[in-house]
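Labels for the chains are A, B, C and D, by order of writing; each one numbers its residues from 1.
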Amino acid sequence: MTIEQTQNQIVEEFSLFDDWMDKYNYLIEMGKDCPMIETQYKSNNYLINGCQSRVWLHTTFDGGIIHFRADSDAVITKGIVNLLIRVFDGHTPAEILTADTTFLDKIGLKEHLSPTRSNGLLSMVKQMKLYAQVFQLKSTQNHE
Amino acid sequence: MNSKYIIDIQQIRSQFPALNQSVYNKPLVYFDNGATTQKPQMVIERLKSWYEQENSNIHRGVHYLSQQGTIAFENARKTVADFVNAQYQHEIIFTKGTTDSINLLASSLGNLLVHDGDSVLVTGMEHHSNFVPWQQLCIEKKATFHVTEITDQGEIDLANYQLHLEKKPKIVAIAHISNVLGTINPIAEMIELAHKYAIPVVIDGAQAIAHQHIDVQSLDCDFYAFSGHKMYAPMGVGVLYGKEKWLNSMRPYQFGGEMVSQVSEQETTFNELPFKFEAGTPNVGAVLGLESAIKFLQDIGIENVKKYENELMHYALKRLSEIENLRLIGNPAHRAGVISFVIDEIHPYDLGMIMDKLGMAIRTGHHCAQPVMHHFGIPGTLRISFALYNTFDEIDSFVEALKKAILMLS
Amino acid sequence: MNSKYIIDIQQIRSQFPALNQSVYNKPLVYFDNGATTQKPQMVIERLKSWYEQENSNIHRGVHYLSQQGTIAFENARKTVADFVNAQYQHEIIFTKGTTDSINLLASSLGNLLVHDGDSVLVTGMEHHSNFVPWQQLCIEKKATFHVTEITDQGEIDLANYQLHLEKKPKIVAIAHISNVLGTINPIAEMIELAHKYAIPVVIDGAQAIAHQHIDVQSLDCDFYAFSGHKMYAPMGVGVLYGKEKWLNSMRPYQFGGEMVSQVSEQETTFNELPFKFEAGTPNVGAVLGLESAIKFLQDIGIENVKKYENELMHYALKRLSEIENLRLIGNPAHRAGVISFVIDEIHPYDLGMIMDKLGMAIRTGHHCAQPVMHHFGIPGTLRISFALYNTFDEIDSFVEALKKAILMLS
Amino acid sequence: MTIEQTQNQIVEEFSLFDDWMDKYNYLIEMGKDCPMIETQYKSNNYLINGCQSRVWLHTTFDGGIIHFRADSDAVITKGIVNLLIRVFDGHTPAEILTADTTFLDKIGLKEHLSPTRSNGLLSMVKQMKLYAQVFQLKSTQNHE
């Protein structure tokens, strides 16, 4: 699935919910299942320090594809982390760099990416893009 | 709850336009008063009438508006001086807030008293604003920064305080009331102890000023700092009370405008107190708003406020005790209407998010007091903090909402 | 005078409630705009609606009001950044006024750049707020304080400035427009000259910001400071624009609250720009008022304001030239609507007293610029200063009143 | 005449004026005639520095009586100086110490003694009282 397709799929899933409660219950469920990061990566080296909640992000690059694993200490943050990973994981640096996060607006959860939240999520997205940039540079250099 | 209270709560609430609103279609319950209070109509009106009819720059202007403004401003200073029972009006310095007041002290009093090898003493329950300025002063001066330990109840360990005093720090800085734990510190006693060693004491009164009567002369504190916006006044104005003898011997903090007496290329002489510490155009509108807020409080009677908020606090503690897995952070013998807690296994941020959706304006996080979080080994708390317009019904709604949120998150 | 102007002056005046009043039964003529301007209804309304509906403490609060407030506050920062064409929003620091902005610099930039044996350069026409902080910095650091000479026309002596630059001061500080002489200094040229020596330039824009378009990128100034209250905004808010590279390398000025990232007993790490320089609860209401004031100015068009005020200024100069024994203090080639003068043999204070009784709000004295007074060998001046709501009729009334006052005092 | 009598006399004089213009014209006249201080006393030693206008005050004590001479660079200030001298000059320290300046309120010129004026007048009154205090102390010591 392309990044856009995944985004559309998420928007469709969320369109089933009538109210914020169902939406948040779903987020919380997702937060609970979120593919946990290996314990060794839940360390300060991988920490993105939001003031309200913390996020750990681990990234690998293999065969032109980036893999993301992440976690958070707050479950709602983790739910959003889960959505972001679903959208961005397993794509090429180029795809990730051109993608946006408008699906969060569409499902009414944009506020979670606001700089005013300081929950670590905005920094996480920035960090993912930065990795994509670094890996892109690396792969073009390898091909020179 | 329908018993009769000392104050007519509906009449008071009707004076606060901001309380009468809904968020997400739920009636707003505003329990974030430790961060800032809402403003009564008379304070808002005072600001408005200043800007609509009186506005001008004060001091030194010979024209009518400027003269009237100056008189109003200096009357407000007198109102503040009386409110905290300062000996002299010129012991009241207008700043932009508690943080500004304390930074002024860390610079001016710090430069006067703290040198290489000296030390400064604070407590382990300070807000960053009464912690970091002293810490940075110590780094700059190559002095030692000492922190009095707190107990697991969230009280200052007085034996430890005494031990620290024996090391003769040059300055002691203490919160009157902790913005996380709600602890009312025994400052009169702590000041007396410090004075035995002739050490001046700075009190951070940000969380106390709106909730109990402050008498700086009977406390005998050397400095007392607070913010207008936490006592029903507009943002952008704070107060630093200081004993005349200290203020006179301190060098100014900022330079320019009214605080100058004579200026030549070679040197500058400074104006007398309080102007010496008030550089630049003052925030006249907000100062007059602060005066109105004080009158508002005095009309109700600060003792009545204290009693009422005390009842609210006890009721809230009782209702919170119903909730399983709820752990109070701080359980001091003397406490004010600031209550922090955590729910086992649930992150404060998650709870805060859900509570928000339920119309509850409460605070989550470290409350700018990370040393307290370190002590209790937690990332943050949920905090509710009361003002005189809060009600028992609101506490009931809050507890219902909290139960719902916990259910969602368990 | 009834010709057609670029702006509809009656429509504009109707938006300023404070203009519509009498003092001593005479219609108020408010010519003290250099000290502070009156506020349009939309600014007053913005303050009011903030306190009536939106008030809360911002940043870090998870609840609705706090989130909305934070968004509004950061949008206001963007409005200010666009207004002065800053490259980044985080180059805009909210302070309490020009004096606060410059004191921040004298401390943080001063500590970074100025050491024993260095020097700092200002000009002989600075307001005390852009003079004394640098002078005191030099005293503290054992550095030399240099003052560029001014000419008898009231202009900066550029040859003398060049000579001073060759001594390589660490910082240059210049008023954009003099608050006494009305001189519009050639700052673009002066900045370019200083940059040849890689010296950062601080511009005091207090008297310029409401009167002409400011583009910090095309000026290439390193810092630009101004006050809200001189540009139709509430008191208690000012701005410091600084180039990112400087702001990043400077240490914070005040500590506490939002500007902190991690705090332990041993050390503190600071938040990123702009928060690093904004300790304590910000004056949100006033910042939103500043945003409204900018919108108000932009609706009229700052170029229109400039043209109109320029016509007022020329008309006033012409009318003043009718008056015998009137001596302008400052007669620069490029000037703004700030006009200082003295009447031979009559003390400015006496004139000010009588003018006040005639309903004229004008300023007398040294205007916090004693070095300028020393240059011209006078105790003070009378000063009139225009805003966009002043009229040609008011200038006529002023001249009539002045003639009457002179007659009384001769 | 006692201090109170002089004050009453001044109040009566001013009651003749219908409006502020006449009052100020009178003040200005008085400012022009004011018994000038000898030039040697118009120096920094005798200066009371108001921010708006300057006042010089010279005081002598002779036979239990205080004599004041004063001047100002601003004529309206000088007019008020003149009134203050008329009231206080030639009295004993005790008389001066118990006297007030309510006559200025009564004639509607109280604002000139406001601390917000910074014209040197308030400081001048303070200074006169201070001299009276010093001279009183001196004479009681002499009699011991």
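What we mean here is this: contacts are C-beta pairs under 8 Å (C-beta built on N, C-alpha and C of every residue); 3 or more make two chains touch, one makes a residue touch a chain.
Just so we're clear, the structure is a prediction, and the values are computed from it rather than from any experiment.
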| item | value |
| --- | --- |
| Inter-centroid spacing, chain D versus chain B (mean Cα positions, whole Å) | 46 |
| Inter-centroid spacing, chain C versus chain B (mean Cα positions, whole Å) | 31 |
| Centre distance in Å when chain A and chain D are each reduced to the mean of their C-alpha atoms | 80 |
| For chain D, residues that touch 2 or more chains besides their own | 51-52 |
| Junction residues of chain C - those touching two or more other chains | 24, 60, 62, 262, 349, 352-353, 364-365 |
| Pairwise touch network: line, ring, star, complete, or other | other |
| Which chain pairs touch, all of them | A-B, A-C, B-C, B-D, C-D |
| Partner chain C, residues of chain B touching it in the complex | 17-18, 21, 23-24, 28, 30, 32, 35-36, 38-39, 43-44, 47-48, 51-57, 60-66, 96-100, 102-103, 106, 127-133, 135-136, 145, 147, 227, 229, 234-237, 253-258, 260, 262-265, 267-268, 279-286, 349, 352-353, 355-356, 360-365, 368, 370-371, 374 |
| Residues of chain C touching chain A in the complex | 58-60, 62, 67, 70-71, 74, 261-262 |
| Contact set on chain D toward chain B in their complex | 49, 51-52, 111, 114-118 |
| Contacting residues of chain C [partner chain D, same complex] | 24, 347, 349-350, 352-354, 357, 364-366, 379-380, 408-409 |
| Residue ranges of chain D touching chain C (in the complex, touch as defined) | 20-21, 24-25, 28, 51-54, 73-77, 119 |
